[in-house]
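Can you read through this structure? Questions will come right after.
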């Protein structure tokens, strides 16, 4: 066990937490611009210290536990929820050789760990002993299961094209500007499906039925406050950022870009942020859709479509190799 | 680390799972016990596969996991159906097969 | 003790504790969560056995899939009953005796055998090896598995369909 | 043309099969009747043409052609094959079968013209199936396929005898024929299986090769050949299995001509001829064959002398001639028997068809109710006479040379006993056949006087035909229509041709060239015996110089015995009623009170025990798992301790 093995996770964890805090600010600013507002402006120059103020406020708030709650579960839930959201960063290489663990099953690890997020989510919903929270958790589980398969299938398209499950191999396969999103037809379709299922897996608009304010108040985290609420928020945003990184890696050539090599991580982050903004744009532009529509979209459209796409990709790969 | 610790661990898990299957009153509890037992079998398979240098055990683990998921879905569907029909999840009450 | 051994014993302790909790916990929901922990621990054991792919599959299918299904079942049945399901055990002494004896027998059997201690060298990319043998040597079981999955799917749908 | 004879034979074989399938499956077509009949006739024509071409293609060559398909795959080599084996014998036999089948089918068009369309369709379906089965039997390259076809022809025989199944006699005769032949078939099956056990093959060619290289184990071979002979005896109506054949005359007359004269009944002879190299290894069985054959010939000839039913006379004469053939085979000259089979097939079919024409016109089988028909039906009378002369073995007629050959074979085979018997039979044959001729075709007519009462009192012998027809009247008597006449004339011409050819030039088939030197006195004496028989019949029934009654009383006891069919049927009935039924009663009692009693006791105990034990079954899955766990524990403990 070398020292770097301990240092790398520490660094990544802190960078991610820092990023996530500032991503919230980015979203608020972006949303404000879309609505012709200015957004946070008071704390610090151009409101740049706003996230820190938010964090401090949440930390100092009173921690309330409902009387009827299943206490142990209620208390554990935010951590169990946050853990997989942070773990997904473990396998992402930010530049050649720069990452916590470049597993040979990287993408599978990513998918498996992000699937575990449901457990924490459900714990939160159940532990609160609140009807809204439980309903919300149920909806979340429902939706995440439904969109897991299209998510995996669309992510498998770059895997097939690159011929490896290792994320750095996938990134390397797109070297020289041949990003998989430019791959005729297949690349664009896979990217579209990937974005849609990412939205659903992150429970973002238009798939945010689990925290639909008009129906369920604030969803599964309705009973949480203070630091626990902050942890859940942190997890959610970390998940979004992680997915954005994954999308950038799978389809947008990861660290590839003009300029010297040390610019790589910057390019990668820039692409991820662009994806994040895309998601945010969707969030503030679209309306929520019904539960049955969400399920129908997954099982009746995305599932067959991604499956066909996967088969087509397989044929392309075989055909490409065969002659 | 040899093969032995893994086998001991899997035996322990197996017996605990068996205990659950025998003693639980609730049908879902029984299913959980079965899960544990299958899990210990998987550990066994992978351990033997690793220490024999053959990939077959791992392949069968993949099969086991998939079959378990299928079996679980079916088992739970049956439990839910039993619930609808007999209004109970207690295994003691489910004795239609009584001789 | 090497780091691997430390990891193994830690995982084993966690596994045994969580497994016991699965079968002894009074609260069914807690039992399910303990099961999730046990399954995750098993994934860790797989990692120790160099089977990264299986670890990932274990997490993805078991911890994700199975736990989800179980949670569903609890919620659905609970709503039907209208009260929290408490979970009790019976025949504890007999069960413990039988299982304990079985465990003792198994462990003594395992310990008295000379078993492999060295790991033979296996292909670098086990995932690839598994994938290749699934589609060559084990292709028939694999296909049968697909049929089984379909049958299970249909069966589950049939059983759980709404009452007419 | 030099086409492969095997392919041609296969075509010939498959045409009737196609016809059968079409008629059997396409029910609406079958129910049309006539079109179905024409289709079947067409297929039979094709089959005959193919058979002739196969014979021509085979020519002088004695090299067999084999077409085999694997049927039952076995270890190493296939257990059983199906296919065709084409050699000179099978092509000639094939030609005979297809020819008679074709002529009979044409003949039936006229004979069964009163039959409703549905029945006609059914009749031709059976006919097609029979043609296929018989050809399959003839061409079969191994004993297994032969046995299957053997059973198939038995089935067809059953179906066709019982064609007018509403008639109780017909249904009874059908069942009798079926069971009697089945008795022999069981022996046949046992023989085949035993042979397979000792030789390891069903294939005739391989068996022949084994016999030639003396690799076939001789131990137990006598039992095998005897068992096979049993099958042949059943089919070929040898004593004591001959009882079914006269009764089988309840079927339509064309069926009798085809199945019970020319083809199926000769299958036994054919089988023995095919396997003559096998029988040659077991002279003791051959001796049995010869003696039984001669005895059957005598018995049937005596029986034929006292019959008044024209078809029964012919049937007994068939039995008698089959005895001839068998005797020749028993003497070790199977080729002579086979030759007689061929010629007999021709003229016996001719006789039956002629008899059918008479019956068709007169409406009765009884010769005492005929007489003077020669003037009304001249052509029928002539062809019938040709057939009779052939059967009697008069030179220039069909059966002359073949009969001589058999007698010569008996002499050369060193069997003076059977030889003497057969000489006697030759005399009797000429006598009873000419008795029929003189009573039916010459002398005073009894037709007109008897016909009214006939219709009123006696049940119609030929089913619907008599019912539907206006009572036969002497003024209505005339030669049959063209469709019936044509086969008659064809057969008559062939019988004449064979007779003249063989008398002047020698045996028709090169394979039948005399294998033995007959003593010079044989031919004159055989012909002389026949002529004496004819003379006796003439004096008795035509000139009436000898009173038939006094002739009868001279042979009183024999006549009485013959009228009672020598009590063979009674013996069968006795065996059935006394021995079998008594045995069955004993077995039934044992079964009911001892076997069942023990079983009832055991089952009662089981029930009680089940009632007591079922409390163990709680119906709870967990309890079972608990039991399994304890069981596993016990098992591991046991394994550890032992």
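Think of it as A, B, C and D in the order they're written, each chain with its own count starting at 1.
Quick note on the criterion: contacts are C-beta pairs under 8 Å (C-beta built on N, C-alpha and C of every residue); 3 or more make two chains touch, one makes a residue touch a chain.
Only a predicted model underlies this, so the values are computations on that prediction, with no experimental measurement involved.
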{"item": "Chain closest to the middle, measuring from C-alpha centroids that were averaged per chain", "value": "B"}
{"item": "For subunit B paired with subunit C, centre-to-centre distance based on mean C-alpha positions, whole Å", "value": "7"}
{"item": "Approximate Å spacing (C-alpha centroids) for the pair subunit A, subunit C", "value": "27"}
{"item": "Averaged-CA centre spacing for the pair subunit D and subunit C, given as whole angstrom", "value": "75"}
{"item": "Distance from subunit B to subunit A - Cα centre to Cα centre, in angstrom", "value": "33"}
{"item": "Contacts with 2+ other chains: residues of subunit D", "value": "626, 629"}
{"item": "Multi-chain contact residues (two or more partners), subunit B", "value": "18, 22, 24, 92"}
{"item": "Sequence positions of subunit A contacting 2 or more other chains", "value": "none"}
{"item": "Chains grouped in pairs wherever the two touch, ordered by label", "value": "A-C, B-C, B-D, C-D"}
{"item": "Contacting residues of subunit A [partner subunit C, same complex]", "value": "1, 70, 72-73, 103-105, 108-109, 111-113, 115-116, 118-119, 122-123, 126, 134, 138, 141, 145, 148, 165"}
{"item": "Complex contact set, residues of subunit D against subunit B", "value": "613-622, 625-626, 629"}
{"item": "Contact set on subunit D toward subunit C in their complex", "value": "626, 629-630, 632-633, 636-637, 640"}
{"item": "Complex interface listing, subunit B residues touching subunit D", "value": "18, 21-22, 24, 30, 91-92, 94-99"}
{"item": "Touching residues (chain side subunit C, partner subunit A) in the complex", "value": "3, 27, 29-30, 33, 36, 40, 52-53, 55-57, 59-60, 63-65, 67-68, 71-72, 75, 125, 127"}
